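Per-chain numbering from 1; labels A, B, C and D assigned in written order.
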Amino acid sequence: MASTEQFEDHCWKDIMPAADVKLYSCYARRTYVGPRPALLAIDLYNLVYRGGPQSPYELDPVHPNSCGYFAHRAIEPTKRLLASARRAGIPIFYCTQETRPNNRPQAAVSTRRQGMALPSENDDYGIYHEFTPQPTDIVIRKQRASVFNGTPIFSHLTTLGVNSLIVCGESTSGCVRASSVDAYSAGFHVSLVEECTFDRSELIHKVNLFDLHHKYVDVMHVDEVVAHLDDLASARPDAMSARVAAE
Amino acid sequence: MASTEQFEDHCWKDIMPAADVKLYSCYARRTYVGPRPALLAIDLYNLVYRGGPQSPYELDPVHPNSCGYFAHRAIEPTKRLLASARRAGIPIFYCTQETRPNNRPQAAVSTRRQGMALPSENDDYGIYHEFTPQPTDIVIRKQRASVFNGTPIFSHLTTLGVNSLIVCGESTSGCVRASSVDAYSAGFHVSLVEECTFDRSELIHKVNLFDLHHKYVDVMHVDEVVAHLDDLASARPDAMSARVAAE
Amino acid sequence: MASTEQFEDHCWKDIMPAADVKLYSCYARRTYVGPRPALLAIDLYNLVYRGGPQSPYELDPVHPNSCGYFAHRAIEPTKRLLASARRAGIPIFYCTQETRPNNRPQAAVSTRRQGMALPSENDDYGIYHEFTPQPTDIVIRKQRASVFNGTPIFSHLTTLGVNSLIVCGESTSGCVRASSVDAYSAGFHVSLVEECTFDRSELIHKVNLFDLHHKYVDVMHVDEVVAHLDDLASARPDAMSARVAAE
Amino acid sequence: MASTEQFEDHCWKDIMPAADVKLYSCYARRTYVGPRPALLAIDLYNLVYRGGPQSPYELDPVHPNSCGYFAHRAIEPTKRLLASARRAGIPIFYCTQETRPNNRPQAAVSTRRQGMALPSENDDYGIYHEFTPQPTDIVIRKQRASVFNGTPIFSHLTTLGVNSLIVCGESTSGCVRASSVDAYSAGFHVSLVEECTFDRSELIHKVNLFDLHHKYVDVMHVDEVVAHLDDLASARPDAMSARVAAE
């Protein structure tokens, strides 16, 4: 939770011109995690960690999908976020590319990137080992940028009584943006966790985060979101009975 | 293609009261296969053929999902339909249940049938051996009755320039009906092939076919549809050069 | 709320063969109104009440859309249902046809009925005077059978935190069926109120109600649903303070 | 139509760092207008032209939604584009806000802008007088950023056999971006006309246009698109008979 005064306390401060920030002041508001949340971890697959914590500009010739340094510096905060979501007992969704045979026509792909083969069943699109899904988690397989496009996630969220999303992952300008806009437009309150969200280019990451924060979602710091989830964890019936038993 | 006068020449003749047929005469029209068609074969999975060509009433205690006799008598016409679609070179879609681990929450199922486990990775939901998909076919995995619900098929059809559907499979009152209504409401012309469509109960099959034919789709006989597809096959550029070469 | 033993205590008893009822016994279950409900009143527009409480067979030549007697006998139970929903303070949605100029291409219509002009801005598609919407109700304008097809209702339900629907209106085999299947498949628990739901043909009404009840929704009696809504009304904070003040 | 070499010949040249352009070179390709196109003119309503061709920074205190100079300089190219689309006889769609009473709950709005009343039936959301829709055009009323969210446009496009979109309007970072991503992900080829697309901030306009061009759409110059539409106009049967008659 952050106050209206803290609305611009985010990573885009060093690149957004003051005149644009002023033009967008009509969007300033308090930010928060909404009621009945689920966690959505977008595209944390092996391909974006390839080559290690280097600059994506340097990795590009060999690992053209890697977010390099930006992916790797998000690993620790993302582990904290996932752990706190598990303690709070909220539903956890992952998404990655659909790789099964016969799943789509050639042209049905996420972006117009050239020279890419259709995603196939190697480990490129497996979830990175630091974030392995648990048996009760749900893994959405998608073909387009947004996790809502051509997938059953909408009906899952309704089935589970979810009304808000906590979002992390990549890329800010691609799948995170498309999914976040769809989630907001579908009626969900969305909290996007700044330290757990990344892209290949800092400029594009920051301008998109600025856009999303003002128009559609609450960009929040991982400390704020983890604190909120820890409050939810404390309020769970089993947590309470555990405390009573301990007394 | 059938004329307005032939509009009621279908299997429901023996059960629909004359007064209801008259009430529905406002829907009578010429029927046809629409432009740029694709074939959609719904839920031709092993489970509905179990126990062989017996009455579903008799099979029910042991094979509660089997369409028995109704499934087996549709095998030959469905093979003819698939073969003519392949000769015509139109896109071919199958659908069946999603069975992958971590694919959904417990309550996200096709119907409210009691005592069913979630579909899992045995051969229950594999496509029946008489209709094995080819490498260029697309197999949609779904969790609900309609093939359009929570799947990417809509974007596939647009990507491929498809504007009409030829539909077959089961069950008439369940997945075929839900998919056909969605297809019509999404702007596609739909031709439903009578001899290749089935259910577990004749009464329910026929009343649903009557409903669908009048309100949403053209119920057509397999001979009409195969004849149309054979015309498309003859008009293919490669068919023409084959004929020229043979002359 | 009705027990599993009462699952077949509905209007279709006189037409469904015993063998089919037995075949569908796998769907028998307790029925109920789900958590956080909204009321959805489908297509209660003037056109279906035209000609008064006569047989639709007789009205057909002059009022081809009228449900006549079936529409009129549902008026009183539907008024009871709406009144109890208002007392309970749950969100209330209506739907009717979109009639604004420039709203669609010629062929984008609900069904393939022949010789109908596109819905226009006369009073045919106004809500019937017995059910006039209140300023806080939402009226969805649709072009197809299902209230979910091409409308924003899904995002409204999420925005309002709704997880269940209580459905009434017409026609059972058309817009009610399409909307109910979509609602179930979207993850909502659906309760369809038998006495407030109608069609032009009794056979088609009953077979569709049977289908819907078993596969997708809880067909319930108006007394059960009103009793549940009255319980919700009693539990409202303002109801409690009103009682306290009166003591 | 522009070659792969011309892929970066666009307005973002002065602000995108060379390293980022290089990182995105994997998206470079030939651009074009796709088969069976329709024109989609997004949010050309009165509110964004208010205050005349001034800087949005200056207009902001009095006309907080105006795109000022950017909106006004797009008027002439947009008139050219619309005129050529009419000559070519392709379907023309507009969209604007839904303003009818009872159309939505309070929180169902396009963006999280603060202090805005729900759109109402004054002339704020009427189409600007330079672009008045014709009787055969379709005007989509929407509640969210994307013209695809909660509207029937998808079924209209399928009904009309449309497979590609030519897009113009505003704002680049809001409704144009959300609609373009949805259109691409739905299987349509999208051509976004640079001179007819605008926003309130140049930086945000250019970064979003860069993003969209690489990942999802072909950003094209108005001269290219008008030339293509003029070719379509020349190929129309009536154009040919007009030429024959003139000879």
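Things worth noting here:
Just so it is clear, contacts are C-beta pairs under 8 Å (C-beta built on N, C-alpha and C of every residue); 3 or more make two chains touch, one makes a residue touch a chain.
Bear in mind that the values here come from a model prediction, so they are computed numbers and not experimental data.
Minimum number of contact steps separating chain A from chain C: 1. At the chain B-chain C interface, residue numbers used by both copies make up over half of all numbers present, so the two copies contact each other through mostly the same positions. For the pair chain A and chain B, the distance between C-alpha centroids works out to 38 Å.
Put simply, the C-alpha centre of chain B and that of chain C have 28 angstrom between them. Shared contact sites, meaning residues of chain A that touch two or more other chains, fall at 107-108, 144, 149-150, 154-156, 159-160, 185-187.
Across the complex, chain D meets chain A through its residues 16-17, 19-20, 22-23, 26-29, 56-57, 60, 64, 107-108, 111-115, 144-146, 149-150, 173-174, 178, 181-182, 184-187, 200-201, 203-204, 207-208, 210-211, 214-216.
Within the complex formed with chain B, the chain A residues making contact are 91, 98, 100-105, 107-108, 133, 135, 137-139, 141-144, 149-156, 159-160.
Those residues of chain A that touch chain C in the shared complex are 35-36, 154-161, 163, 185-188.
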